[in-house]
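Look at the two complexes coming up: chain A is in both, with chain B in one and chain C in the other.
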Partner chain A sequence: MNNPDMIFFGAIAPYISYDSSPSGSSIFQHTPHAIYVTVPATVVFRNNPTKDLLDRLTELKKSYSQPWLPGSSVPTDSAFQNAREFVSTLPLSYVPKPGIHVASDGEVNFHWAGPNFKIDLGFYGDGKFSYYALKEGSEPIYGDDIPVQDGAPQRLLAIASTT
Partner chain B sequence: MSQEPHRNEQTSAAPCFSPGPVQSYEFVLRTLLDPDHINDDGTLKPAAIALEDIHKRGWSVDRTGFTSPWRIKLFHYRWKKRKPDIRRFYVLRIPVSDIRNIRDGTTNRQEFAVIDTASFLSPAHAEVLLSTGGSYSKSVLRSFRTKLIPKLPTRIELSEAFDHTEKCGVARGILRQLGAILRSPFRCLRQLVLSATGHSHNP
Partner chain C sequence: MAQYLPFAGRNAIAEMSFGIQLATPFDQKVGESLERLRRSFTTDEFPKLDPVQVFNISFANIGSPQLPVSGAAPASAVSGFNLTKLKADGSISQAIRAINNILSVHFTEYTSWAEIKPRAIGYVRRCLDTLAIFDRNQVTGVLLRYVDRFTFDGAPENASAGLLFRPDNKFVALRVLDRGYQWQSNSGWVEPLVGPVSAFNQLNVISGLFEAAVGIVVDHNSVCNFPAPYKSLAEMIGGKDSRLSLEAVLDLQHKANANLLRNLLNEKMLDTIGLKG
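Moving on, here comes the complex of A and B:
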């Protein structure tokens, strides 16, 4: 290994690497795969946006377990599962956390908004998602029937990361 | 197979129970649940408007001229019982003309309709939905929702939502409903039976 500070993770080496940066902090490169790391129970994560979003989904699933308004439908388990899978594809190191809410037709909705953009994206539990993105000065972007495991397209992430 | 909803604003969707088609000078009220529908900064979350509502089911509103604060409070009380984590209720007081003035940027076609969908003893009920039926992709429905939200007014308390002429709206609505029933009693009786057995467009 040329660089002793770089550790490759065996079989998944093409997808992830771990660098020790000169400042001493850690950089995890983005990966399309879920990675499970066991840490001591005493470790406190100060900033864990993925966990925050997964916790939010758990909270919503509990809160919307039965129809709450006349004519409303609760999201299916697969809608929540699709949303969880999607969260694991989000590069939250540079994309801010979306607002996550439930609509009365059973949609699990993700929403990003800034001074000059809006993104509306959601899941109905069919393994796919759709979105609409509007940014001032640009053509709107439409997306339908995108497999959840594909994650959000780059141009959508670029808008979401606009500050 | 789901029935295509009534989208023609010139004719009543519920001639037996409605005070008449919704006029552009009217106001309609929509209840918002906090925190479900409202962001911390007071803006509306997209999830406050279900895609299926603007597409086919209709986004439910009440015509201020034919309802009253106590009637809305009664609904709020029932919803709070069903969903105790609702922190608070607000309402949007929406000028019907604001909804009807949302136009397609290219064709200038009106995009949303406000339809009277009254049912027995609910004369104020109305719905907002796309003015043109047909099949829409989810992303296009999202674009309509994104367009509608900024046109809606700021949320207010229910106590601020009625002016002094509107406070007896329920009585006015019921009287107008009785008038509609008496004009065509047999047809309306049949409608009533159908709605009671769940076979009507208006439950």
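Moving on, here comes the complex of A and C:
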């Protein structure tokens, strides 16, 4: 047991024998109980962006099931459904979560904002969405009647990911 | 109906890591070259560099001679590093680690293989070149690791692996498919990659509560030890004779991961993450 490696190559047979490395230690090591790779993962399971957004939509749907202002409209079920489908198109590993609200005209609204930009994107339940984005030093960009399954255009995601 | 979804919109990949294995551990010359290494990356790529000291702890019977670990740096020397770029929430966006005999690149903001692969190879190439690693070492293997994560949009008691995995998949035991959300499945196997080159695959699939949400993590490692080491950067990047280039080996490992997921996940999920067909 002089060499540290001997801890792993002791009297108990490892589950697998794999010694193709001509010199030095192998990229993975043997233990009596398991085989493990020696490169650690860096990811931390700190958040659940998909679920957070879907939970927010569920909460809004529950809270705004009745008109809350005189003359206001309640978002339709299909507006919420379109918003849920849209969440599944967002690359949330590098685009931050949007704020989600409902507007008095029945729109389900997604909103991103940073020091030099803001994005508004909305659903009325017709299977489509519209957006408007303003970034300092650039012309505003906007789009109407975009099918939900197409997701947000790349130039919009590029702005949203600059936070 | 409640269902499993990629943890981040259309992104299921929580982390992709790519590592190369050297014949012997990094030595103290790495520590002497860290300033040069820092300058070879922009602050947008890796704003932070931390030197790493590696300590070897040996256990021995009283009176037995202590055997040195071949090629290792003295315990007090800097013989590794961490290059990191953080996200706004303080977690790692991308990192390069050199510890013992492994140089690895980690991405937690995965976009696509076409975009990430050249970036990963470029980072490793820059490290090996700047640190002149091939003057005194060789590359003996390569590792590609994907950590995919899926969250359950529903009450924990309704979660079931059968809602995410194909019933006829060959990677996860059938008995976990209807056993709620608390289980794990671990396996390892060697599979031919190309010609005489094989890869050791390790698959750890875990289901449980992750920050109050039920989720499943699919952690797949593919480790390929070369029949003969690469002795120069040119050999590794371009291949030599019948030997594949690093990029070609990575492409095969990436394809193996995609095939694994195609066998494991149901059609609906494959469609969502763009792996269908």
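By definition in this document, the second predicted complex is superposed on the first by the 117 of 163 C-alpha atoms of A that agree within 3 Å, B and C clash if a C-alpha of one lies under 4 Å from a C-alpha of the other, contacts with A are read in each partner's own complex, and residues count from 1 in each chain.
As a working rule, contacts are C-beta pairs under 8 Å (C-beta built on N, C-alpha and C of every residue); 3 or more make two chains touch, one makes a residue touch a chain.
Bear in mind the structure is a predicted one, so any value in this text is a computation, not a measurement.
J.: Scan A:Lys118 for contacts with chain B and chain C and give back first, second, both or neither.
T.: In the superposed model, A:Lys118 contacts chain B only, not chain C.
J.: Touching A:Ser78, do we find chain B (first), chain C (second), both, or neither?
T.: The answer is neither, since A:Ser78 touches no partner chain.
J.: Looking at the overlay, what does A:Trp68 touch: chain B (first), chain C (second), both, or neither?
T.: first
J.: Considering only the touch criterion stated at the top, classify A:Thr162 as touching first (chain B), second (chain C), both, or neither.
T.: The answer is neither, since A:Thr162 touches no partner chain.
J.: Tell me the contact category for A:Ser93 with respect to chain B and chain C: first, second, both or neither.
T.: second
J.: Applying the touch criterion given at the start, work out whether A:Asn47 contacts chain B, chain C, both or neither, answering first, second, both or neither.
T.: Second partner only.
J.: Identify which of chain B and chain C touches the larger number of residues of chain A.
T.: Of chain B and chain C, C contacts more residues of chain A.
J.: Return the residues of chain A at which the contacts from chain B and from chain C coincide.
T.: none
J.: Which of the residues in chain A end up touching chain C in this complex?
T.: 1-4, 7, 15-16, 18, 20-28, 34-51, 54, 87-96, 151, 163
J.: Residues of chain A touching chain B in their complex?
T.: Interface residues on chain A, with respect to chain B: 63, 68-69, 71, 99, 101-105, 107, 109, 111, 113, 118, 120-122, 124, 130-132, 134, 140, 142-144.
J.: Would you tell me which residues of chain C are touching chain A in their complex?
T.: 5-11, 13-15, 17, 19, 21-25, 56-61, 64-67, 69-71, 88-89, 91-92, 95, 97, 100-102, 104, 106, 108-111, 140-141, 143, 145, 147, 149, 151-153, 186, 188, 190, 200, 202, 210-213, 215, 217, 219, 221, 223, 225-229, 272
J.: Touching residues of chain B toward chain A in the complex: what are they?
T.: On the chain B side, the touching residues are 36, 39, 43, 45-53, 57, 79, 82-83, 85, 137-140, 142-143, 145-146, 203.
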